[in-house]
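Structures are listed in the sections that come next.
The two complexes that follow have chain A in common; it is paired with chain B in the first and with chain C in the second.
This part shows the complex of A and B:
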C-alpha cells in the first residue's frame, strides 16, 4: 500500500486536477481520498455514485430547556460568543446555534439544569464508486462548519479500510489534500509514503508551497514536486528551481501555463485525456516519473 | 521505566500520534501493561497532538515509541526528558517493544 498525497498550500494550484489525472493514470490499482472536505469537488468529474454515507458529528451545540429556564440570564453573561440572547418582549432566553461554539460554559453556570446539549452534525462522509470503475472516499461539510483534523483523519481511515478490502497490496492510495498548512493538512499527509508538492508558479503559490515544505520536513516525508502554471514570470520560475535544489526536492515535471486547462475541465474531462497531445504527453511523463521514483 | 506506544486497538500500533485511540504503557520493572484511553483527545476536532503530548508529560512517560510527531507535539516533548523513538509502520505493540529491547529503533529525538 503506497499512500501518496498531493498538496500545495495555496488553493487553486492544481491539486485536485492533477491528483484526479494521476488516479485515472494508475486506474483500478488505486483509490482516491478527497480530504478537501471544505470544497470537495473530485466527485464532480468522477460522477461518483455513493455506496455508503454516514453523518459526521463533532463538538456540541447547546440549547435552552424552556421548562427549566427561569430567565435569570447567568448564561448570557458567561457566553464569550454572544450566542445567547433574551427576547425583549417575552424575556425568553434562546441560544443561536450559528454563534454557539459548543464550549459548555452556559451549562456549567446554569443553576437550574436548563441547558442541554446535542452532538453537532457537521456533514457527511461517503464511500462511492466512480465512472472510471474505482472507489473514492470523500466528505462534504455543512456550510459554516469548519474542516478539522478529526474529519480528515476519519475519511483517511475509511479509505485505508476500503483499500485493504478491495485493492491488491501494491496499489495506491491517492490523497487530494486540503489547502493550507493547518490541522486538516497535517491529518491528510502525516505518515504518507510520498508527498507530491504542487507549486503554482506565482508569488502566493510559491510562498505557500514553501510553508508546506516546512511541514513535510517536520514530518520527515519524502517529497517530490511539480511546478504548475510555469512561464508567467521567468525570474520566479528560476527562483523556484533554486529553492527546490537547495532543499533537495526532486522535480518530476513542469506544467506550462495554458488557458486550455480550463476548457478541458469545462468539458468535464481529465487533464490527462486532453485532445492536446502536448498536454497529455507531458502529464503521462510526469506520472511515470512519479511511479519510477516510488517503485525504484 | 515507563514506555508509551500509541495504539489503534491495544494490539496494533497507531498510524498517528495525536489521533491514537489507545496508549499502551509498558512498565519495564514489573513487565506490566496498562491501557490508557486517549479517545477524549483523539476525537477532538483540533489540538489532538498537543493534548496527547500533555498526557505523555502528565503520565510521567520516560520513553515514547510513536509515528513521527507533528510540530506542536514535538515542541512540547522536546523540552522534556522523554526520549522518542520511531515506531515502524503497520507493526504490533509487541513487535515494537522487541525492537526497542534489541536497540534497533530509529531515534526521533
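This part shows the complex of A and C:
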C-alpha cells in the first residue's frame, strides 16, 4: 500500500485536478481520499453512486439547563473562550455554541447542576463508487466547525479499511490534501509514503509551497514536486528550480500555464482526458515519472 | 453613512485560488487613496496579501504565544483529576510521570482550575507572529502561523485586534467554510464572496453562501476570472435572489502580473468604486 498525497499550500494551485487525473491514470489499483473536508470538490467529477454516509460526531457542546440556572454567573468568567453571556435585560445566561469549545470548565464551577452537554455532530463522511470503477472517500465538515483534523483522520482511516478489502497490496491510496499548513493539512499528509508538492509558479503559490516544505520536513516525508502554471514569470520559474535543487526535492514534471485548463474543467472532464494531446501527454509522462520514482 | 463610521468588509470564498486576495488587495489599495484604510490578512496559514505591496515598509513584528499548562511535580499528588477532566485527552499520567499533548490542548484552563493542589501552571508556546506594514496610506497587517502549529484560530483572533481605528477595515479571509473562515467573518458589516466560474468554484460558492447567510446580514458576490461558466453561476444567483455586484475578466496578462506579485486591477478603479458604492448603499 502506497499512500501518496498531493498538496500545495495555496488553494487553486491545481491539486484536485492533478489528484483526479493521477487517480484515473493509476485506475483500479487505487482509491481516492479527498481530505479537503472544508470544501470537498473531487466528488463532483468522480462520484457515481454513494454507498455509505455516516455522521461524524466529535467532542461536546455545553448548554445551560434553564430550569436549574439561577443566573449566578459563576460560569461566565471561567470560560476561556468568551462563550457564555448574560442577557442585559432578562439576566438569562446562555452559551453560544459557535464559541463553545466543549471543554467543560463551566460545568465544574456551576453550584446548581445547570450545565449539561451533548455530543457534537460536526459533519458527515461518504464512501462512494466512482465513474471510473474505483472507490472514493470524502467528508464534509459542518460550516463553522473546528474539528477538521479529526475528520481528516477519520476519512483516512476509512480509506485504509476499504483499500485493504478491495485492492491488492501494491496499490495506491491517493490523497487530495486541503489548502494551508495547519491542522487539516498535517492530518492529511502525516505518515504518507510520498508527498507530491504542487507549486503554483506565482509569487503567492511559491511562498505557500515553501511553507508546506517546512511542514513536510518536520514530518520527515519524502517529497516530489510538480510545477504548475509555469511560464508566467521567467525569473520566478528559475527561482523555483533553484529552491528545489537546494532542498533536494525531485521535480517530476512541469505544467505550463494554459487558459484551457479551466475549459476542460468546465466540460466536467479530467485534465488527463483533454483533447489537447500536448496536455494529455505531458500529464502521462509526469505520472509515469512519479510511478517510476516510487516503484524503482 | 458618514465617513467617521467604521466599515468592516471581508473578502471570502469557499474555494482557494479564486482571486479573493487579488480583489481584496486592490479594493483596499483603491480605498486608501481617499480614506483611512486597513487591510488585514486573516489567512494566517498562507498570508499572501502583503506580497502585492512592493513598497511596503515593515512597522512592527510581534511574536504571538498562547498559554499551555504543565505540572509542578513537587505539588502534584498524581490524583489524575486533570486527566479525567480534560475533554481533549491532552494529559497522560502514569504513576508519577506525566505528559501533555499540546497539539490536542485547547488552552481552556480546566485542568488548572480544577487541580486541588494548585500544581498546574502555565508555559508560553509560540504559535506564530503578527506583522504590520505601511504601504503609502494603507495600513497592512497579517499573521504568520508557525510551521507545525495547529493554532490557526487563536492567531486569527490576535491578528483581528487593531490598535487604531480605520474608516475601512478590509479582511482577506482564509479559504474554506469551517472555523477559521467563520472566525474571520464574525462581526463584519459586509462579506464579498469571490467566486470562480468553474464546477469546483460553483460548488464551493454554494457552501460559502450557506455560511454567510447564517453569519452576516449583508453580503454579495463578485465573479472573478469571468468566462464560459458564468451563466451557470448567474442563473443560480438570480434564482435565489442573490446579487452579483461585479465581474472581473480572465486574462493571461493578469495571470502574469499576479505571478510576479504585481497589481493588475488598477485599470478597474471604476469597478472598485461600484463595489464600494454598493456596500455603502446596502449598509
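Just so we're on the same page, the second predicted complex is superposed on the first by the 284 of 296 C-alpha atoms of A that agree within 3 Å, B and C clash if a C-alpha of one lies under 4 Å from a C-alpha of the other, contacts with A are read in each partner's own complex, and residues count from 1 in each chain.
The definition used in the following text is that a contact is a pair of C-beta atoms (placed from the backbone, for glycine too) under 8 Å apart; a residue touches a chain by one contact, two chains touch by 3 or more.
What you are looking at is a predicted structure, and each value in this text was computed from that prediction instead of being measured.
Novice: Superpose on chain A as described above, then tell me if chain B and chain C fit or clash.
Specialist: With chain A as the common anchor, chain B and chain C collide in the superposed model.
Novice: Given the touch rule stated above, what does A:58 touch, chain B (first), chain C (second), both, or neither?
Specialist: first
Novice: What's your read, chain B or chain C touching more residues of chain A?
Specialist: Result: the larger residue contact count on chain A belongs to C.
Novice: Touching A:239 in the superposition: chain B (first), chain C (second), both, neither?
Specialist: neither
Novice: Check the residue A:190 against both partner chains and state whether it touches chain B (first), chain C (second), both, or neither.
Specialist: first
Novice: Given the touch rule stated above, what does A:124 touch, chain B (first), chain C (second), both, or neither?
Specialist: So A:124 meets neither chain B nor chain C here.
Novice: Please indicate which partner A:229 is in contact with in the superposed arrangement: first for chain B, second for chain C, both, or neither.
Specialist: second
Novice: With the two complexes superposed on chain A, say which partner A:153 touches: chain B (first), chain C (second), both, or neither.
Specialist: Touch partner of A:153: chain B, not chain C.
Novice: Thinking of the overlay built on chain A, is A:260 touched by chain B (first), by chain C (second), by both, or by neither?
Specialist: In the superposed model, A:260 contacts neither chain B nor chain C.
Novice: On chain A, what residues does chain B touch that chain C touches as well?
Specialist: 59, 146, 148-149, 183, 186, 215, 218
Novice: Which residues of chain B touch chain A once you look at their complex with the stated criterion?
Specialist: 15-16, 18-19, 43-49, 67-68, 70-71, 74, 89
Novice: For the complex, which residues does chain C have touching chain A?
Specialist: 14-18, 21, 43, 45-46, 48, 51, 85, 87-88, 106-110, 113-114, 145, 147-150, 152-153, 174-182, 186, 196-200, 203-204, 207, 210-211, 214-215, 225, 227-229, 250, 252, 255-256, 258-261
Novice: Considering only the defined contacts, which chain A positions touch chain C in the complex?
Specialist: On the chain A side, the touching residues are 9-13, 16, 37-39, 41, 44-45, 59-60, 78, 80-81, 98, 101-105, 108-109, 141-146, 148-149, 178-183, 185-186, 200-204, 207-208, 211, 214-215, 218, 229, 232-233, 235-236, 257, 259, 262-263, 265-266, 268.
Novice: With touch defined as at the start, can you tell me which chain A residues reach chain B in the complex?
Specialist: Going by the criterion above, the answer is residues 58-59, 146, 148-151, 153, 160, 183, 186-187, 190-191, 215, 218-220.
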